[in-house]
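The first chain written gets the first letter, and so on, giving A, B and C; residue counts start at 1 in each chain.
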């Protein structure tokens, strides 16, 4: 059993006082794992991720990061806690050039900015080519790559991703998810929200199902993929066990 | 004694006319969330158009068509609606601040138009030459004013009942739905910008109606009556009363109108003569302070909007 | 014609400076701030007071900087006014707008700004009187650039253009060459993402007000140099400044600069065809044209 890096206990959170979106949600993120949150629209999946990032107000419950409660942090303090968050849409600054997008994320970093950017460029050659162009000119897939590169800038231990494959072609979506998988081998733990349930379950270790702001079910991704009830509800009822 | 009563009649008439405009604004802001920064223009359009349509011919001036009074009044209200339609069409699909700026701009443009287009509006001197309906028949001015007040109250009551009915009809629910969650309303197959445009026009027609009555009461209208101050006053009335609540809007109107006229009276009576030119200045500061402190400490107004729980779908 | 262009550019420089701050505030805080133009008045009057204080304390400062009508005391007052107005803008936000935001009444902020504008404008009237004032009673002769067509320019007007250029170049350098500048642009484009990548939003909001207030003060002083100072500066300029932000596209700083000049020049040309009484409505006509032709302005993007 691996150790948990993030442990959420009975979390209640929402946008408006007295109207919680999340009710008593608990979740654990194992170190160097990919954990996926799935559920119907309005289940509170994105809200959960935003609550961890400090964007949504937490009313009760704890978010323990390496044994320390970080609930109620401000979003701009995330990097200090080695967390990065990739929003679903509008996740790059379209009016800034690619290199300035990266420099901005690195502005509080103690590392040499140019050296770190160089490393990221060699990891993602496609954005090196276009480094002087405005991020708004990138295609959807390239924008997603830049967003991930921005998330990686400060060498986070945890990356929160809100539907990273949304709006991408099936192939690009597969690429993003595989890349997330690859990151865990470098010591990163990943928590992501996905609509693309089948694909996500295949590439993750553990899965939580939320509905109406509450925990419904959780388990090893491979087991849930085989689970007839999950198949019925989320995989369109015609789950085919591909061989 | 008769002096006091006749002043009270005068006060109530003006307050009731303003209350009609406040109800129009409440439909736009309180019920639909549309910021109208140019109430004075829609009020003024109704006022000028009513006098132009119903007045007697004045030499070289355009206007003075001597149209049957109720038709002239309706024509005035319609003009206000036409103005709203033009502005709304251009701005209601955009971010909400565009509407705020454009309506504010309409009011500025309207004022400069009536101030300068003398051939039609009488310029800075304003429009005269209007015979109040039935005035020739009722010789006693006191009696006439009481009758006028009754008519105004009747109009106010009809507008009130109309709006209450409207808000409880499906259209009212639609307005609230759009105000609270535009995307959700859109997904129900309703076109939010069309619904908002309708609410904006209806609200402006009501303001135009108030303007028409106002001009009729004085048998006179001038640019001085359509300055931005009017917009502020009407807004303050709505905010103090409670946006979204029509009864609150009525109470707010009488309260603010009392504060406004009362402060003016006190300043003219007790302030030293050399300070008299600052009467307006002090009144504006007062209104500004009322607006800001209401928003800071009681944003829901004296009478908050009643939460209407729509039937749940289960 | 050329004289009209020249006058338009002068008015435009004032509008541009005012519009930069307004567009930043409108985009970051999501409300049309009707009290922004009052910051121009505050700036003009702070400079007036500071000018008097400097002149009284140090006599030699009363000398004018030839060939302009500006004295050394007024020159020193410019930075004083920029700072005080910037801080005033922050204070207004702290005590009024921020509280309303925190109450969750964001839509009411537009309305609160109406109230704030009324209060500021009339307090100025109460303290300084309703009459118009001038920084200097000295009359400096205009330079004749050409006699046919007759083209006049006052040394002060050149000064205004010069100062505007310097401020804009400085602002451009800050925006394009410093991390602070990127952060500011990032906040203007997408405040929530800016926060996520580590920008301290509330600090940036404060800086937005400081810069917006400072630029508005500069605009107010330059307006005062060319025209007169009166409590209704804000009332007269609020619509043209809004028009400039809409022409440029709300949120675009460079758009605001260009928008200011476009509105200034268009208003000045409009005087050639329209009687001067109608000039207050010109910005409205410009707004309507832009909304009709290009609703999101020259550089703005459609936003949900």
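Keep in mind that, in the parts below, a residue touches a chain if its C-beta (ideal position, glycine included) is under 8 Å from a C-beta of that chain, and two chains touch if they have at least 3 such contacts.
Everything numeric in this text was worked out from a predicted model, so none of it was measured.
Ranked by how far their CA centres sit from the centre of subunit C, the chains are topped by A. Each chain gets a centre from its C-alpha atoms; the one nearest the centre of all protein C-alpha atoms is C. In this assembly, the C-alpha centroid of subunit A lies 43 Å from the C-alpha centroid of subunit C.
Mean C-alpha positions place subunit A and subunit B at a centre distance of 51 Å.
Distance from the subunit B centre to the subunit C centre is 32 Å, each centre being the mean of its Cα atoms.
Listing the residues of subunit C that touch subunit B in their complex gives 26, 30-32, 34, 96, 99-100, 103, 105, 107-108, 110-112, 114-119, 121-123, 125-126, 130, 238-239, 242-243, 246, 250, 275, 277-281, 283-285, 287-288, 291-292, 295-296, 303.
Within the complex formed with subunit C, the residues of subunit B that make contact are 33, 35, 37, 90-91, 93-98, 100-102, 104-106, 108-109, 111-113, 115-116, 232, 235, 239, 277-278, 281-282, 284-285, 287-292, 295-296, 299. Taken in their complex, subunit A has these residues touching subunit C: 16, 53, 55, 74-76, 78-79, 85, 87, 90-96, 100, 103-105, 107-108, 150, 154. Within the complex formed with subunit A, the subunit C residues making contact are 104, 179, 182-183, 185-186, 189-190, 192-201, 301.
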